[in-house]
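Below, chain A partners chain B and then partners chain C, in two separate complexes.
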Partner chain A sequence: MSVNETVLKHLERFTGTDQVRKDLNIDLFGERLLDSLASIELVLALSEDFSLDLAPGDVDRDEWATPQKIIDYINARAKQA
Partner chain B sequence: MDIIKQIDHWAQVQPEKVAHKSSGQTLSYQELFIQSNKLAEYLMQALPNDNSPIVILGHKHIEMTIGFIACAKSGHPYIPLENYFPEQRIKTVVDTAQASMVLTVEKIRDVLDGAKENLNFTPRERKQDDAWYIIFTSGSTGNPKGVVIPRSNLENFLNWAVPEHKVTRDTVILGQAPFTFDVSILDLYCSLYQGGTLVSVTKDEIANLKELFHTLKNSNATMWVSTPSFARLCLMDQSFSEDMIPTLSRFWLAGEALAPEICVDLLKRFPKTELWNAYGPTEATVATTSVEITKDILAKYNPVPIGYAMPGTQILIHDQDNRPVLSGERGEIIICGPNVSVGYINRPDLTERAFFELNGQRAYHTGDWGRYKDGMVFYEGRMDFQIKLHGYRIELGDIESNLHALTNIQDAVIIPVMKGEHADYLAAFVIMKTKTDQSDFENMQAMKKELAQRIPEYMIPRKFIFLPEFPMTSNGKADRRKLAETLQ
Partner chain C sequence: MTPYIDFLYFGVSLYVIIPALIIGFFKRGWRTWLVIATVIMLSIQYTHPRVVMGRGVSELALLLGYAVLQWVITIAFLSIRKKGINRAAYYTALFFNLLPLLAAKFIPFFNPEYPLLFLGLSYITFRVLDVTIGIQDNFIKDVKPLPYLTFLLFFPIISSGPIDRYRRFSEDWNRERSREQFAQDVDGGVQRIFTGFLYKFILAALIKQYWLDPVSQGTDFLHTLSYMYAYFFYLFFDFAGYSSFAIGFSYLFGIHMPENFNKPFLARDIRDYWNRWHMSLSFWFRDHIYNRFVFGALKGKWFKNSQTASNLGYLLTMTLMGLWHGTAWHYIIYGFYHGVLLIATNWLDKKYKGNRLLNDNGFFWQAISILITFHLVGFGLLLFSGRLFHN
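Take a look at the complex of A and B:
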């Protein structure tokens, strides 16, 4: 599964809406779609799926504010790995 | 025992010592003494000596601490409220309590800026049964209810908690609970009473683990006071361990059921730190039982025990007719003793339902299932629709009532989605009065926005599921079990 699809699949699960697919720039925190606990669980789920060493304590909330930003972040980390 | 005299005494003994630290701001014992005197004098001039409650609005601000102590000095109980609560919720509390004043952080700053220090200031005497604070909790009919805690309750609690948890001048307490949640009473008063330091963790820090861990690393905390949910959140990052807070000697967890896996993780990552579990509703002043959770306890018991009752307080297990059950049998946990609240402010109806007299002492129906085993009490869940979500006490009926009050709702049911033993998030099942042209997402966002005007953010459901009708039970009620199954 591609990075896009994996991120969106998890986001859909955590937010309970497919709007995260329709609008990749939606503000996940501002629109109350993700809370802090769900965002940490998302970091852990993506960390496992992509075998990346992501620690929730290292991730800045601003870098994970939209679906597109998360996709970009994971792509960048996957390249470094 | 005089709490105020004791706190003031530290201003003489260690004036520069930090009493409260929050969001980079610090308050020394001398500042607390001078500022609380100035604010108390203002309150005594502005208000009659009538024990009327004062609302203090903020979020972990050092000015709130000044406000709490100033209220005590001026003879008024205080009601802590979060400044991010919706206006309507704040208004309901002010009206229900018939509060005589609302002190925001800005108002406190203004008063202190304009006031001069009066060296002859004398605090008002407080009687044992005078209310010290009132904490509002979620109410099943959509309106919060205010638990009144008198001075004697707080003193009893401190008499037990301070020695039990070895709080001294050298103690630095890391406090997670907001001041609207009475777990914060332990971290604030144990610390101030003993001349220690309270380091508060704010909502913004909790929302950003990177920032939170920075605060934890620099806290020098010796005692950790939080809900199990907060500990679980920190444990999700492997770097949360003894290396992050090497000074920590004790975890004190309370406010919701403590899952064994949290204990196993904490004991593994903090091998030199004691782990304590405590239990007690707001109606019985912070906590009434506690026990140290060791590897031996974990090997022997599941669920984790909530421990032994504090001296002078009885934990009884009653059946549905309010009679004691046989030893070891399951029943409702009844708390009886001097730490039980005098009731809900201006709600004699609710007070009469929940409180009663037993052997000449106040007693409280907790609505919690429990049983005794090996001399310890075990919590076994709720008897009603009250839940704990990430440490917050929530009546599902509170959210449902507020949902029903929205413009286009015909019916609504809230279901907590469980992850193992604990509630992970809330889902709202909704039947709309009239169909709209908007998508489900747009309807959900509109309802979330409308709800945010009425209830605190932590009560807003994460998911909304729109249905034409609900599955019904044979009694003609919405079938919550079937609705919950659709979420699996």
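Take a look at the complex of A and C:
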């Protein structure tokens, strides 16, 4: 599964809506789709799926503001690893 | 001299601000001036003599000694972290980061004559811890002495914040401003400083003189209720005014301190409130306590249910936040109270999905939820004031 697909699958699960798929630039925290707990669950799910060593400090609300930004972030981290 | 208290302070500060503007305009040597200005202002602000181990020490020496000691701890930890994750070293570094604050808070219990505290220690501790945590998470890979010490000691925010982050500060420190950006910074700085005058010297002063002080004499229900409103408004205008000065001064030096307040009276619920009130503090606690606790709990599968981890995270985070304000019981109760409110708000929102109180954006429901939040928060500040426990 591609990075896009995996990130969106998890986002759909944690936000409970497919809006995240329709609008990749939706403000996840501003629209209250993602709360603090869900954002940590997302980091853990992504670090498992991509075998990345993500830390709690990886949840930066600016860097993780939209689905597209999360996809870009994971792509960049996967490249580093 | 205490920052932003009287016009003398503002007058004195012109001696470092005017050169900062000239240097900023010509875009040369602004970092050097930022460091020199900090040294000048700190030597004016920190003049109380202190006694350490029976010997007289100047407060400034205590402050600088503290900062250098923290730098040594930080680079020692950094060099260990570069070789890989070492949890023992991480916790040791955190312990030594916290030790001066713990000593300052708890030693006076045993010996009141022995105050190690200097103004701003509890705020500097946040910044020191931020760097250690950033190193542990591998975001901070390099800690040079000059930016690190300036980050800890930057004079406009040393006494009461806002609480900056090292990653954010480093971006400003390494930035070269264009003339247009410089002009924007001056504009932003001046606007904030004048907001500060309006909030702190006019509105907070009027509220204190004509409302807060008169009602604080009575102890019956109506006086206490009136005191609650007065105290809420007073705290906001006093602290938001102070923050406005601190952020405004920082802008004049090219440092974009994070904002501290965003119309807290319009908060829709308690979660929203903590995104609007003393934000630099609440975000620090969210990122460094709540997130880390929940991350550890979920990863280590400490609880059956992730919501349990989150709820305990709220209680832990908010109680620590209360305790940070002071060791008196009313601060701890204040923190615990907010932890309970956060849990209750989340429970309500999950149990009654899409409930109108928290989700309907029509005028009526928004007004109701804002009014309820305002009173829940106001009661919290009444707990915080300690008034209910003294009378």
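Simple rule for what comes next: the second predicted complex is superposed on the first by the 80 of 81 C-alpha atoms of A that agree within 3 Å, B and C clash if a C-alpha of one lies under 4 Å from a C-alpha of the other, contacts with A are read in each partner's own complex, and residues count from 1 in each chain.
Basically, a contact is a pair of C-beta atoms (placed from the backbone, for glycine too) under 8 Å apart; a residue touches a chain by one contact, two chains touch by 3 or more.
Here the structure is a predicted model, which is why all the values come from computation and not from measurement.
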{"item": "Which superposed partner A:31 touches (first chain B, second chain C, both, neither)", "value": "first"}
{"item": "Partner chain in contact with A:19 - chain B first, chain C second, else both or neither", "value": "first"}
{"item": "Touching partner for A:59 - first (chain B), second (chain C), both, neither", "value": "both"}
{"item": "Comparison of chain B and chain C by chain A residues contacted", "value": "B"}
{"item": "Chain B versus chain C as contact partner of A:68, first or second or both or neither", "value": "neither"}
{"item": "Chain B versus chain C as contact partner of A:6, first or second or both or neither", "value": "neither"}
{"item": "Residues of chain A at both interfaces, chain B in one complex, chain C in the other", "value": "35-37, 40-41, 44, 55-59"}
{"item": "For the chain C and chain A complex, residues of the former touching the latter", "value": "133-134, 136-139, 271, 286-287, 290-292, 294-296, 298-299, 306-307, 309-310, 313, 346"}
{"item": "Chain B - residues contacting chain A, complex", "value": "206-210, 212-213, 229, 233, 236-240, 390, 424-425, 427, 439-441, 444-445, 448, 452, 457, 460, 462-464"}
{"item": "Chain B-facing residues of chain A, complex", "value": "15-19, 29, 31-33, 35-38, 40-41, 44, 55-61"}
{"item": "Complex interface listing, chain A residues touching chain C", "value": "35-37, 40-41, 43-44, 55-59"}
